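By letter and in written order, the chains are A, B, C and D; residue numbering begins at 1 in each of them.
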Amino acid sequence: MTSSSSLPALNPVPGPPPGGPGMGCGWPQAEGVPLLQVEDLHKEFPLPRGVTAIVRRQPRRIVHAVDGVSFALDRGDILALVGESGSGKTTVGMNVLGLQRPSRGRVCFDGYDVAEWAQGHGPSLEVEGPLAALSRRQRVMRLRQRAQMVFQDPYEALNPRQTVFDIVAEPLTIHRLTRSRDETEARVQAALETCGLVPAGHFWKRYPAELSGGQRQRVVIAGALVLEPDLLVADEPVSMLDVSIRADILNLLHELRRQRGITILYTTHDLATAGFFTRRMAVMYLGRIVELGPTAALLSRPRHPYTQALISVIPVPNPRRRHTRTILQGEIPNPVDIPPGCRFHPRCPQAIAECREIDPPLRPVAPGHQVACLLC
Amino acid sequence: MALLEVRDLAVDYLTDRGTPLHAVEGVSFHLEEGRSLGLVGESGCGKTTVMMALLRLLPQEGRIVGGQVLFEGRDLLRLSEAEMRRVRWHQIAMVFQGAMNALNPVRTIESQIVEALTWHGLARSVQAARQRAGELLELVGIPAHRGRQYPHQYSGGMRQRAVIAMALACNPRILIADEPTTALDVMIQAQILELLEGLQRDLRLALVLVTHDLGIVAESCDEVLVMYGGVVAEYASSDAIFNTPRHPYTQRLLQAFPDVEEPGTALASIPGNPPRLDALPPGCRFEPRCHRRLQVCAAAPPPAIEIASGHWVSCYQAEAEP
Amino acid sequence: MAAISKFVRNPMGVIGTGMLLVVVCVALLAPELAPYDPQARLQVTPADILAPPDAQHLLGRDDAGRDVLSQLLYGARVSLIVGFTASFMSMIIGTTVGLVAGYFGGRVGNALMRVVDFLMVIPDLPLMLVIIAVMGRGLLNIILVIGLLGWTYTARLVRSQVLTVRERQYVLRARAIGASHMHIIWHHIFPQVLPLVIAQAVLDISVAILEESSLAFLGLGDPTLISWGTMLNFAFERAISAQAWWFLLPPGFAIVWVSLSLILIGNTLDQIVNPRLRSHHLFDARRMVNIQNSG
Amino acid sequence: MKQGNYLLRKISFAAMTLLAVVVFNFFLFRILPGDPVRLIIHSPRMTRQAQERIQTAFGLDKPIWFNGERLRQGDLVGAFDTQFTAYLRNLLRGELGISFATRRDVSDLLKERVWRTVVLVTGGDLLAIFLGMALGLVAAWRRGSRLDMGILLGALFTWALPTFFLGIILLILARGHLPVGGMATPGLKPEDGLKYWLDVGRHLILPTLTMAIVYTSEYLLIMRSGVMEVLAEDYILTARAKGLSTLRILRDHALKNAMLPMVTLIALTFGYTVGGAIQVETVFSWPGLGRLMYEAVQKRDYPVLQGTFLLLAVSVILANLLADLLYTLLDPRVKAE
């Protein structure tokens, strides 16, 4: 049983306009830089203060959702961002897409720091190059065309009052990418069929409620794909789906990357699915990447105690291979009060005295493999 | 005599127009004291319905239309509602899916445990009941003094622990846990599973674990019942299900399940969608999606065959090698 | 479409609609239907004052000898005009405030909701009495007062609905594909709110009609028009001791008729667009086991 | 501490609302067309002394709320020597002006009548709350049954009834059996002791009943949908799985949870209840605040109107504050907000 036999065939699509992806929106690919480069990203959410807190002049309490995350993603690459809820992985995705404005740090998309564009109210920044003449809003729209999102819950991500056609055509209308109804229909059809909804005409008058979970998720992907983006941020795209459907969606993403060269940032809590089709993996804990490396190495020889524990508790579907689990006690601390020193030390089974004081940075331990731990 | 034996259980749901939908048909299994059974299937396969029918807690549209539920030889389906109330919680307790909402938000955790004890007459005084509630909380790893707190002051994992403590209040013979770890993080999930395994061992509980996650079942269950579309696909020991599965659905489901110890292996998927209750196939319910279907499969549902001792398969090709 | 067929299948909704249609027809056709000019100054003899019903005057005469039936028919116009225009005003204001406060939130949203809280706490009828007593009793004033004070509940309803819709992933998706705020509000938020707003607006019409009749009964109706509330005011002041039920009861039951019709419609709409969970956990469990005894 | 936040917020909101009502009350009667105070001053029905008394009491020779002239002269205190400050000063002293119609102090009038309305509203409201909750609970539990349909239709029908019309119908029906107007049979005095109070009680029956019937439907409908939502919650299923009986679940799990939101709703409904009191008191000539307000409207007695409105608004605001405080005590979740 190979994966490709169960794959939907990728239909030939009216390809991107001549000149490579991105040309259509007047934003050519830059040479020699990663498609996406995140540097020291911070995202903080201040908590509302009560009246008494203001009167007593207590400092504003801050949720450190993302607390210094850096990584780079080359064109056509795929990176899994793995973490439990509260690790900040979804927030990273939102900041990469410019749906939230980072508190600090840079998010460089094709050489431009898009962090500054995101729903800011400040003065329009001077940028050089092909986008110089555009307003902030126009630049954000360019980014929207090139970076798209796939959502966790296909039951929630589709407006129940829109038909499949309306949903997939909506980005085209918003970006005024098509000149005629025929052209819109052609592109919607192409996107739907790429995502395995064949024949497309059979689906596009339907409402989301008439579709199964897997079909809905395909519609979500088609709605992103219709803009022909370079980057897809897939936020837990299969966690709400049944096991028998998951593989289909993962295979579809896999093929999109292979055949279209789409770059994918895949956030998940599930190491097992991440291991299935990613080449690199980053494990996040409490707003920080604690281990980043090649998937195979990371899964077979995890270095960070957190990664080790996380892998050990994944249930193995075979009773003959039951193994000892390293179960961490307690729960992820509140990201308002991040422990001093190594943020993992209060739960770390191997912690030593120094861990309480030193906040370890990511250090290379093998080619392409970095760990933030004093003991590694 | 088995502690619990379910024979040919069938449940219908009535639609608005009064037509019955056959949600569950011909489900049989048995459970011995101190053993654990995993009930596996995808959403909508009827696994929760079976458990609700055991305790006669189906929703208003639900009807038990056939079968027997023998608890210590007594058919629970023939008890009066008042007799049934004495079985619930005292003999068979249940931890529901989504424990977040299983606790009354305006009452303390302790009072909700005490309620179960006093209602079933298991405490000499309220004082004694409180004492016992504290012990139960300690048993599941919650400091006793936190019993005086309200559910919203607990994290998700702690609420699930509290619900388990409440389920143990009356020393039940059987504990049913319906998706006890869904919506919990992997680490918390592992904590809860370890807790359940430990309790089952120490208290000689019979445990029924209802889940969609094959991995959980492989780790914690002695026997496994795989359900598909309201019927039993395969019922066998855990080892047989995972190493010599005979039903095509079980086989495919296992291939679709990613194994972290073998990253990079291709994942299989099952084409199509699970059957809808209002459009059940006339033959085998898996037939439209099956990669090994024969003509006979579409004609009539296959009977359950015991191909080896305790290994039941509902498939015409159960004895053929895959 | 599904909503319409659900409405048609609901007897309460159908009866309510029928009852409302009757009133609307009466209001439109009042000049044709009314046997007399209700305002006309009549030559009356003492016997005509509060004369009981007879063949010429099916509902008798009032204290000025005028035909009660004709007044009743014309009265429908005032009730419906006040009800529909005031409720329409409330709907527009309430929806706008609710959308802005819910979608944008922030300081403006908070300030708007404080205004809503404020208006909800002030007792309505005394406030209206005071304002009308000072501003004058014209029809326009009455409509304005009812309309401008009646939007708070709609605003709250819309806001709470917007707050939940705003968090849905399809709104996030709309942002991710580059939709503007106006696009999101118009295409993704408003359609989810509209059904609730309409159901509420229908109920608001009946509230407005009841409020107008209360004001009129308390002597603050438009003096140039005949409304059911004014009729009751006159009847109560002058006819109750004379036991002239034909003057007292018809306008009262007319108000009940029209407001009941609207409440039935509104309640049915609310049931359809606001589907609370279909079943609950406390029902007669004895029916659950349905096995023929087979030993 | 968090609970303290909630309380502080509620108290400051109530204070702001009060202030807003006070300001509104002033401006409505001064700024709006046909400034009633000035009209009355020039009324030929007033004696010269009375006119002068009003003139000084209201500071009518002064600017309305801000004296720019004085401010420019650097006189900060004088800048606020205005009609508005005069109004505030009077208010703080409890002086609400003099009734045009009866020439009595408005505050005396209010003092005399306020308890009569309190008795009526409290009695009617308590009865309505009790009936509404009980019937709403039963209807929700027996949802979809004939009993539920009957209760629901009854509630919708009474909801559609104008309060005053219900009063009139009861008045016609009860005439001859029960007293239908006033507070006591003429001739009886408080000095007559028990006999007098029993007579007052008999006079209270019809007004209270009218209030109760009208507001029962209000509470019933809210309670019914509230209980239906609670009964669909998972913890009710847990309670059934625990083996509890239906009555026990209704009492220990459904009732309390559904009642909590009712507390604030009852307070919000209090505003309507006051409006209902005006109508009921008018119909049954019950000499309370509502009847006072009706008479003031009829006679264009603006000081009385103003004073009554202020008192009613203030009491509704305070009732809401009280409900919020009560809610804090009852619902553990508020503390965590």
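Please note the rule applied: contacts are C-beta pairs under 8 Å (C-beta built on N, C-alpha and C of every residue); 3 or more make two chains touch, one makes a residue touch a chain.
These figures come from a predicted structure and were not determined experimentally.
Engineer: Among all chains, which one's averaged Cα position is nearest the averaged Cα position of every protein chain shown?
Structural biologist: Taking the mean of all protein C-alpha atoms as reference, the closest chain is C.
Engineer: Name the chain pair with more contacting C-beta pairs, choosing from C-D and B-D.
Structural biologist: Taking the two pairs in turn, the one with more contacts turns out to be C-D.
Engineer: As a quick test, compute the distance in whole Å between the mean CA positions of subunit C and subunit D.
Structural biologist: 22
Engineer: Quick one: report the Å distance separating subunit B from subunit D, using the average Cα coordinate of each chain.
Structural biologist: Computed from C-alpha means, the inter-chain centre distance equals 55 Å.
Engineer: From the mean C-alpha coordinate of subunit A to that of subunit C, what's the distance rounded to whole Å?
Structural biologist: The mean C-alpha positions of subunit A and subunit C differ by 50 Å.
Engineer: Quick one: which residues in subunit A touch 2 or more of the other chains?
Structural biologist: In subunit A, no residue touches two or more other chains.
Engineer: What residues in subunit D touch two or more of the other chains?
Structural biologist: Within subunit D, the residues that touch at least two other chains are 233, 237, 240.
Engineer: Where in subunit C do residues touch at least two different other chains?
Structural biologist: Each of 279-281 in subunit C touches at least two other chains.
Engineer: For the complex, which residues does subunit C have touching subunit D?
Structural biologist: Its residues touching subunit D are 114, 117-118, 120-127, 129-131, 133-136, 206, 210, 213-214, 217-220, 229, 232, 236, 240, 245, 248, 252, 255-256, 259-260, 263-264, 267, 276-277, 279-282.
Engineer: Flag every residue of subunit A that touches subunit C in the complex, lowest number first.
Structural biologist: Per the stated touch rule, the residues are 97, 99, 140-141, 144-145, 148-149, 151-153, 156-159, 161-162, 170-171, 174-175, 220, 223-224, 227.
Engineer: In the complex formed with subunit A, which residues of subunit B make contact?
Structural biologist: The contact residues of subunit B facing subunit A are 42-43, 155, 157, 185-191, 193-194, 212-216, 218-219, 238-239, 242-243, 252-261, 263-271, 273-274.
Engineer: Touching subunit B in the complex: which residues of subunit C?
Structural biologist: 279-281, 283, 285-291
Engineer: Show which residues of subunit D lie in contact with subunit C when the two form their complex.
Structural biologist: Touch list, subunit D to subunit C: 13, 16-17, 20-21, 28-29, 32-34, 36, 140-141, 143, 156-157, 159-165, 168-169, 171-172, 225, 228-229, 231-233, 236-237, 240, 246, 249-250, 254, 268, 270-272, 274-276, 278-279, 282-283, 293-294, 296-298, 300, 302, 305-306, 308-309, 312-313, 316-317, 320.
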